[in-house]
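Once you scroll down, you'll see the structures, which are given as structure tokens.
Note that chain A is present in both complexes that follow, paired respectively with chain B and with chain C.
The block that comes next holds the complex of A and B.
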């Protein structure tokens, strides 16, 4: 019993050692204003950013903005995963669907997604639905392509043996094709997750009255830089932890492959 | 040699109709393959003219093309596209050069790896676009801040791809190079970079669309003309033709750039075994 614990300590120490450079950078940030290397108007000291961040998270306003952003991001991403994934698997499974959709996908995939921001605002205004549509449209194609490549790569022998063992087409789809498409599909969703944050924050910076992105713009315009840096850090941490949590979930979901 | 002479021989002229026919057939297949796209474009035109939606929400495609043509005639289109391309490509090039250099240093020097590895692994998933107001605060509204923002966003996939690529170079190649007395510089330029090039190029292919996306966002958020800036102005003035013209233009520019990258990849990696494999590009 004591063996794992004895190994856990060096593991913890090496994990801490790994993040020493980040701590160094943060210390450098604080020192830069303490020793007057840069003006505090340009770079507010880390400690005052943290204290105004603490003040912020005790206000209801901050949580309203956070909830607005999370709502838009999660609904848009969820729609893109469901519809994009279904399209990708459909393209790999039924040839006519592939002939019909692949030129459209090929044409729209390289479209710089941020160009859609003004159009969705034109259609649906400045509220939630325009952001949801933007994130849905922008994140759908990476999921579609991941699902398509994954499902197309599923081994023909597996499909044939499932069919010859008497599985129906739908059963084969559910039990053979979809699971074997999983690794690439999940990778596509990871790209979509990163993209959803980019689209969410930039659309909120440009056109919105709610959400963390608009809060950053609002605080910056008011010259309240301590709080602005705090919200930027909050958004950065949100994106970082979303990715890490997703990675852990992805590894769990793919454990059967071991 | 025989092929070169054939090209100058008069008999080549006789083969021209065959070439034309072949070209025509290829074009025909292309048209059939792309017919869903053409159908979508026609459906757009018909739907917009049917009166089911107001022309403000969805102007007919033909009028969008007229708008693009008049912008092109006045020179505005060229200026907007050139400005956006200059910023996006300048940021992309900085990200490419600095990213590959940093990735190589990380893969070769342990201290550099120790310092940058946690920073890169934290920085990669962070939505760096949120730092836009900070960059504006530091560097102002003009090209420098936009290009910095683009490079900052595009550099992460290049660094990680370079590190992975160099670590993936087969040890036997490095050992045999060392055995014949290769010095450090030749090792870098003649062994490590070429051997890691497939991965590095994949990183660049991820970084380029990011550069264009971020370039357009910075123009929308800070102004300063360009395709993003003119779309944002059009959107503020409820000029929906301008917005849709901007979408079509960015779609075409994005498509061409992505295609150029895959052509470049095939050119640069002709020697690599991946060139033998069938590609979809």
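The block that comes next holds the complex of A and C.
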């Protein structure tokens, strides 16, 4: 019984050990203002950023902004996963769908998605829906391409095996093609997750009255740099934890690969 | 063509393989063959001779364009659970455990769930994988993977078993063990088996009849009956076995040389 715990502790220690460079970077940040290497107007001391961050998280306002951002990000990302994944698998499975969509995908893939910020604002205004549409459009293509490549790489003999074991074409799609696509699809979703943070914060910075991005904007405009840096840190941590949680989920889903 | 008692009748079958890039290749050329119920027949030939293509046509994985294939007098239309297949590289679902792989075909059998599970376990036990039910294919050796694939196919009780060089990816010891096991499974519950191989000894050891195929385009060059006593403990050194291997090897040798020259050209 004690064995897993005995292994868990060194695992935790080594995980913490990995982040020592981050601690060093934070120490350097504090030292830079303590020793006057950088003007505090440019880079406020870490400790004052942390203390104003602490003040911030005790306000309801901060959590309202966080909730708005999380809502937009998760709905947009979820839509891009469902629709983008379905399109990618459809392109791999039905040739006409591929003929129809692949030139469109090729054309839009290199487009910097932030260029759509004014477009979606023009269409849907400053509220949630314009951000959701932006994140959906911006995050969809990596998911589509991951699903397409994964599904297209599904082995012929696996498809044939399923068919000779009595599966219909649609059952084969569900039981063989979709799981075959999973490793690449999940990688595409990871890229989409990172993109969703970029698009979320940049769109909120430019056109929004709510959300962490807009908070960074108005704290900066008001000269409240300690708090502004605190929100930037909060966004960074949010992104980091979202990615870590996603990676753990992905490893679990793909544990058959070993 | 009507052949009394034949289960699978292949009549004047040709198949052109059209690669996405490059010119079309005549892979199977005017093949006619009748296979009886519960017969074990080997398709033997050099690599690239079209023997696997012929098997895939019988499986219904490739469309029949020229000629006909009938099973129990009905033309085949696509793959079906009456014709189970075992591939050289196992083709197990890597995201499913051994048990889930074996269960896959049973799910559509209409049997009650408990019955399905009992049946799956019986076939897992039959191929000696008891204790590995919850392992994923990536955790198994090549021999164990192929045992799983065989159990998965046998579990749905197909009338016909199509085997595409099933032991070709295994080491020599495992291969000879699996050959004996396949033979004993077949002797206990006979099925029609079409077994593709390029190994003369394997063909003579397993099959009642060997169809020797020519180098591309694939034609049936000779049909050789194999009547040997497989109970003989010194079978591989016995005169009937050695003579049969020599006889067939003579037929194959010329084709193997042709196939080799074809590749070098």
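We take it that the second predicted complex is superposed on the first by the 241 of 258 C-alpha atoms of A that agree within 3 Å, B and C clash if a C-alpha of one lies under 4 Å from a C-alpha of the other, contacts with A are read in each partner's own complex, and residues count from 1 in each chain.
The rule we apply is simple: a residue touches a chain if its C-beta (ideal position, glycine included) is under 8 Å from a C-beta of that chain, and two chains touch if they have at least 3 such contacts.
Predicted model, so just to flag it, every value in this text is computed and none were measured.
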Which of chain B and chain C A:93 touches, first, second, both or neither: neither
Touched chain A residues, chain B compared with chain C: B
Touching partner for A:167 - first (chain B), second (chain C), both, neither: second
Chain B versus chain C as contact partner of A:114, first or second or both or neither: first
Partner chain in contact with A:179 - chain B first, chain C second, else both or neither: second
Touched partner set for A:62, first chain B, second chain C, both or neither: neither
Chain B versus chain C as contact partner of A:148, first or second or both or neither: neither
Chain B versus chain C as contact partner of A:29, first or second or both or neither: neither
Complex interface listing, chain B residues touching chain A: 33-37, 40, 56-57, 114-119, 122, 125-134, 136-138, 209, 212-217, 220-221, 227-228, 231-232, 234-235, 238, 240, 243-244, 246-247, 250-251, 253-255, 257-259
Touching residues (chain side chain A, partner chain B) in the complex: 18-19, 21-22, 25, 42, 99-101, 103-104, 107-119, 121-123, 194, 197-198, 200-202, 205-207, 212-213, 216-217, 220, 225, 228-229, 232, 235-236, 238-240, 242-244
Partner chain C, residues of chain A touching it in the complex: 155, 157-158, 160-167, 175-176, 179, 182, 255-258
Footprint of chain A on chain C - complex, ascending: 56, 59-61, 78-81, 83-85, 87, 89, 91, 93-96, 104-105, 108-109, 136-139, 152-153, 156
